[in-house]
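You will see two complexes here that share subunit A, one where it goes with subunit B and one where it goes with subunit C.
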Partner chain A sequence: MTLTKSYLKERNIFLFILGATLVYLFLVQGYPLLWSVYISLTDQRIGTEGKIVGLRNYLELFSSSSFWGTMGFTLIYVGSTIVLKLIWGMIMALALNQPLKGRNLYRALLFLPWALPTLTSVLAWRWMLGDVGGIVNYGLLQLGLIDRPLGWLADPTLARFSVILVNVWRGAPFFGISILSALQAIPDYLYEAALIDGASSWQAFRRITLPAIQNVVALVTLVSTIWTLADFEIIWIMTRGGPANATHVFSTFSYLTAFRNLDLAKGVAISLFMVPFSLLLMIVTLRFVFREEGGA
Partner chain B sequence: MSKEKRTSRLVFWYVLMAILLLFALFPIYWMFVTSFKPFGEVYLLTPKLWPGRFEWKNYIDIFTRYNYGVALENSIKVSLAVSVISILVAIFSAYCVIRLRFRGRRIVPHLILFSYLIPRTILFIPVYILVYRLGLGNSIWGLLLTYPTITIPYATWILITYFQSFPFEVEEAAWVDGASRIQALFRIILPISLPSIISTFIFSFTLCWSEYIYALVMINTKAQKTITLALSDMLVADIIPWGPLMAGAVIAALPAIIIYNLASRYIVSGLSLGAVKG
Partner chain C sequence: MKTKKTFLVMVVFLVSAFVCQIGTASTLTVWMKKGFVEAQNTMFEERVKEFAALHNIDVNVELIAYEDFFPKWTASIESGNLPDLSFFGYQEIGQFYASGLMRDLTPVIEKIEDNYGSIFPSSKKAVTFDDKIYGVPFWGEGTALYYRKDLFEGAGIANPPNTWEEFRDAAIKLTNPKQGLYGAGIGYGAGNSDAEWLSRSIIWAFGGAIFGEDGKSVIFNSPETREAVQFITRLFTEDKVTPPGSVGWDDGGNNTSYISGQSAMVVNTGSVIVALGKDYPDLLEKTGVVVLPQGKAGRFTAGISNNLGIFKDAPNPELAEELLLFLMDPEWYRQWINVSVPLALPVYEELANDPIWQEPNHKAFMDSMKTFEYLGYRGSYTPAAGEIYNLRLINTMFEDIIVNGKSVEEAIVSFEQEVSNILAKYNR
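This part shows the complex of A and B:
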């Protein structure tokens, strides 16, 4: 009797901690998200209480070319980095899956760009890509690939290329290592059987490798898309969204509007444009993860 | 497959691996090398791939001239406190989900994963307003309030997936011997789970350690800044002090590098969410 009682009491302690955690997460994540819809309908600036102005912030954004430019580059940024990370990560995984000497060391080394705090490595990239004294320009000049120093961060097109490059550099290992773990789960006898049956390596790749890794690839792509869409540090540290707004994504444009132009409400409105895409991707991810679990 | 063909194939993969390694490691190499270069060498128009002379001066400068010590202390404080709280909360929460029957049990993992995935750049402005209204603006207390939203969902999610495959018979054996749930949790389950818990703790630490945008909007005072802020502040100078900046970056990167190499096996399985199946 007392035993049951104390078990029930303990059970309540556990459930209380879980409940408190969920309430906390709601207050600092869910509530701000809902609240931001309201803020976006006001004219709140830093240091003032706002009053409701309806859809004015949204209408102003729709008639602003920098907003459409931001939306355009966000699409380019997410689309191109995801494809490139997937390709580069796939190459990485296939290379790490070969019987090379020292492959455990290579694995750890190739993972470093993902492991480093983003801010520190982005600083290093900014230093490397500088037009004066930057090692990238120097190296390319020495190799004869360019005949004058290029403004990797100063020219709008090159700056777009640069931030995409750095995002791929940092994110590809996440794809690579995840795909590698799926590759290593494929039993060797499948390939041996295919070899005996006279299959080419391309056929073996298509019929054995791809089906075995497709779930991991789908999941990693989903998660990476959510995070890339919301990426901030790489662009803010490298270009501040410039030159001439060429590299703004929603997050940097939102930060600039809210904290440099002090227009909090409009900044919130900008960041809310990420929500439909993010929510959709998150729901798909959740369904994917829990479907897998149910089927196991 | 003939022997030549096999050899040439292997050569192909070695060359490819060399390219992969060069691309991945050069920026990190350059960060290290720059951090040890004397001032005059950093800004040479023909940069040296290897310093003519190694100097610790940049490492001394970043502490004496750029106040990095305070930032380092703040980062350590915040990251440690948040990770300790998060791991404790996560242990209890994950245990509830796996071991207790209650209404809404099935929805909790969904909420946790949702909370883990939601990007901070969607929330940062209302969270900033919230923190200032609570009077926690411009201090590491604001970070202590908000960073657990990053680490608790992560740690709980990882421990849920871990507990899914945990042999809970050992716990029941302890109950038979008269242990309570909490005793069994702390004396039996946690010691067995220590490697997973430590790696989850470590990764939570690095999540706080490298956090940028919340700190950027919440903190202005030098005395409250974290390492990421201290580093990005150095970019505003007319001539960016790349030597000390790279020294600071190396210091900030070192814990992450060491930690990942110690615990990468666990971290990878957690990150890819592939451990869901248990």
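This part shows the complex of A and C:
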């Protein structure tokens, strides 16, 4: 009897928590998503009642070169920054895992770009890349590498390079710190044993280090990909999607459409293109996390 | 029993307080554009507070950077949490009017003019739709050509340019990339509204226009427009008289370029004079200011008109209208304008005769008002014209030509197509 009561009590608590979670998920995640889908199927502009227009917003987007340009650069931006952040973060982590003098100071410095407010650091980059008083052009001119200042944010290729550079600079510390923490969990005796067995540095890295950090690397990569996909600040502050729409990503293009053009429905439709990518990445991340928990 | 009584008294008290609260306008919310001159911002805040004190109400004045207005407006419209009074560029008044969001302020304008004097008709025209006025013009912004007198003298150029061709000739003579000096401080960029105004001024001066006189037909693809677009393009691609980073400029780009000595000529509002007077008196001495050059069709300046308006569903519209009358009192208004001279132009015709506008560095800005045309030229201003401006389509067209190598003809056709699409949307 007591057991049954206790079981029922526990089951009620469980059902209550489950119900509350589902309500929360619906209100915070489900409802806004459904609302967004609905709005994207209307012609709603800011301050007006929209009427259903079916897939018109999507069809108009498909026929717009700006949209395809945005799609292309979003993929380039996310793909290149993730690869570069991973490589640079890995190098930083491996270097700072070595017994260096003043290692803690270096570690703190490593973390700095990630800890600085985005607005401040990106504005500083914008100034550094500027053609008036910009230190990058000044340095290149002094070294004789260029004969006149480059338009880092004025030329489409250079502007794309610049926003990718700043994203990597800002995001690599997250990879570095995460990988570093995984590296520190590897017992030294594994490397000592490998050394005794005559393994080279590369072999030790491939057979010991990589397997030990691969889960952290995968998780960090997935999380960072989701964040980068939704990145807005860096591009908005540096280029606002220019020049000639060369650096627009979904978030900036959507913002411009919804807030500048007051075309709420189309702005929402643009942002919804991020959803399948993000959803896929979230599913992969969750499967990965639960596989890990299952394994443990 | 005693507890119950106490509880009831408290409930009655709270309900009464709530009823009183909603019965009066306890807080007036005012959104104002954060200006370049701090003293002007402060004066505005103090004036609104003075009004609040007279009416025994609270007031919440928010000074907001122009770029931040759009998310604020849109969020407030969608949530229904509207300000009582807000700043609007005339182009936004048009867009919001088209959505049926603005309050008719014709009676307020009539009262202001009856009590205080006439407002420039062109300023009112920019916010008039279907014979009703939806904004109170609060200040204008003149645009002029800044030039370095010392550099002109050094290059043997006797006078500032009177025509756009003379502007080009002077820019070529003044440009010296090895010294980091460029004749024409003109730029484009996704966040650059100056370029939108300037490009229109040049295109109009060459005889081109986006709209026909009916404001609905698109006449952009004309020999005159082509000539103007080619003229601007040539400055960047052939003459190379513009700074290398100028295609990525925001609105501060030409200010910085001129102040740093990178550009010998820039086109701007009075903000550069204000900055020079405050921090760079030596450069101010070397600076001349004249009205924009003319083209074969005349001298044109794309007019900038800043307004105060009230959303139709604002919580306290009557009180906001009273505040408008209070702010437009010329005794205070004249001081508010003069504290930022030559940046803010008065909207009262009478104040244009103030001796302060005859000073050499101020006159060109007031004179530019005589050459004002608004978005929508050759027709009247329309919400579609406002949207084309807000989307920075002219900027994008020039960026396409200058950085993507699109031909002038192709870019003009694409631009015209986009304009037609927007017009079709408004006519749907």
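Please note the rule applied: the second predicted complex is superposed on the first by the 268 of 296 C-alpha atoms of A that agree within 3 Å, B and C clash if a C-alpha of one lies under 4 Å from a C-alpha of the other, contacts with A are read in each partner's own complex, and residues count from 1 in each chain.
Methods note: a contact is a pair of C-beta atoms (placed from the backbone, for glycine too) under 8 Å apart; a residue touches a chain by one contact, two chains touch by 3 or more.
Note that the coordinates shown come from a computational prediction; the quantities given were computed from them, not determined experimentally.
When both complexes are superposed on subunit A, subunit B and subunit C clash. In the superposed pair of complexes, A:Gly133 makes contact with subunit B and with subunit C alike.
Contact with neither subunit B nor subunit C is seen for A:Ser80 once the two complexes are overlaid on the shared chain. In the superposition on chain A, A:Asn245 contacts subunit C only, with no contact to subunit B. In the superposition on chain A, contact is made by A:Phe259 with both subunit B and subunit C.
Shared-chain residue A:Ile226: touches subunit B; no touch with subunit C. Greater residue coverage of subunit A by touch, when subunit B is weighed against subunit C, goes to B. Stretch 62-70 is the one among 44-52, 62-70, 224-232 or 386-394 where subunit C clashes with subunit B after the superposition on chain A.
The residues of subunit A shared by its contacts with subunit B and with subunit C are 132-133, 258-259, 264. Residues 45-48, 130-134, 147-156, 159, 239-246, 256, 258-262, 264 of subunit A touch subunit C in their complex.
Contacts from subunit B toward subunit A in the complex involve residues 10, 13-14, 16-17, 20-21, 23-28, 30-31, 34, 42-47, 89, 92-93, 95-97, 100, 102, 108-111, 113-115, 117-127, 129-130, 145-146, 148-149, 152-153, 156, 180-182, 206, 209-210, 212-213, 216-217, 228, 231-232, 235, 240, 242, 245-246, 249-250, 252-253, 256-257, 260-261, 264, 268-269, 271-274, 276-278.
The touching residues of subunit C, counted against subunit A in their complex, run 70-71, 73-74, 77-78, 95-96, 99-101, 177, 180, 188-191, 243-250, 256-257, 260, 262, 387, 390-391, 395-396, 399-400, 403-404. Per the touch definition, subunit A reaches subunit B in the complex via residues 6-7, 10-11, 13-15, 17-18, 21-22, 24-25, 28-29, 31-33, 35-36, 39, 91-92, 95-96, 98-100, 106, 108-113, 115-121, 123-128, 132-133, 135, 138, 169, 173-174, 177-178, 181-182, 216, 219-220, 223, 226-227, 229-233, 237, 250-251, 254-255, 258-259, 264, 267-268, 271-272, 274-275, 278, 282, 285-286, 289-290, 292-293, 296.
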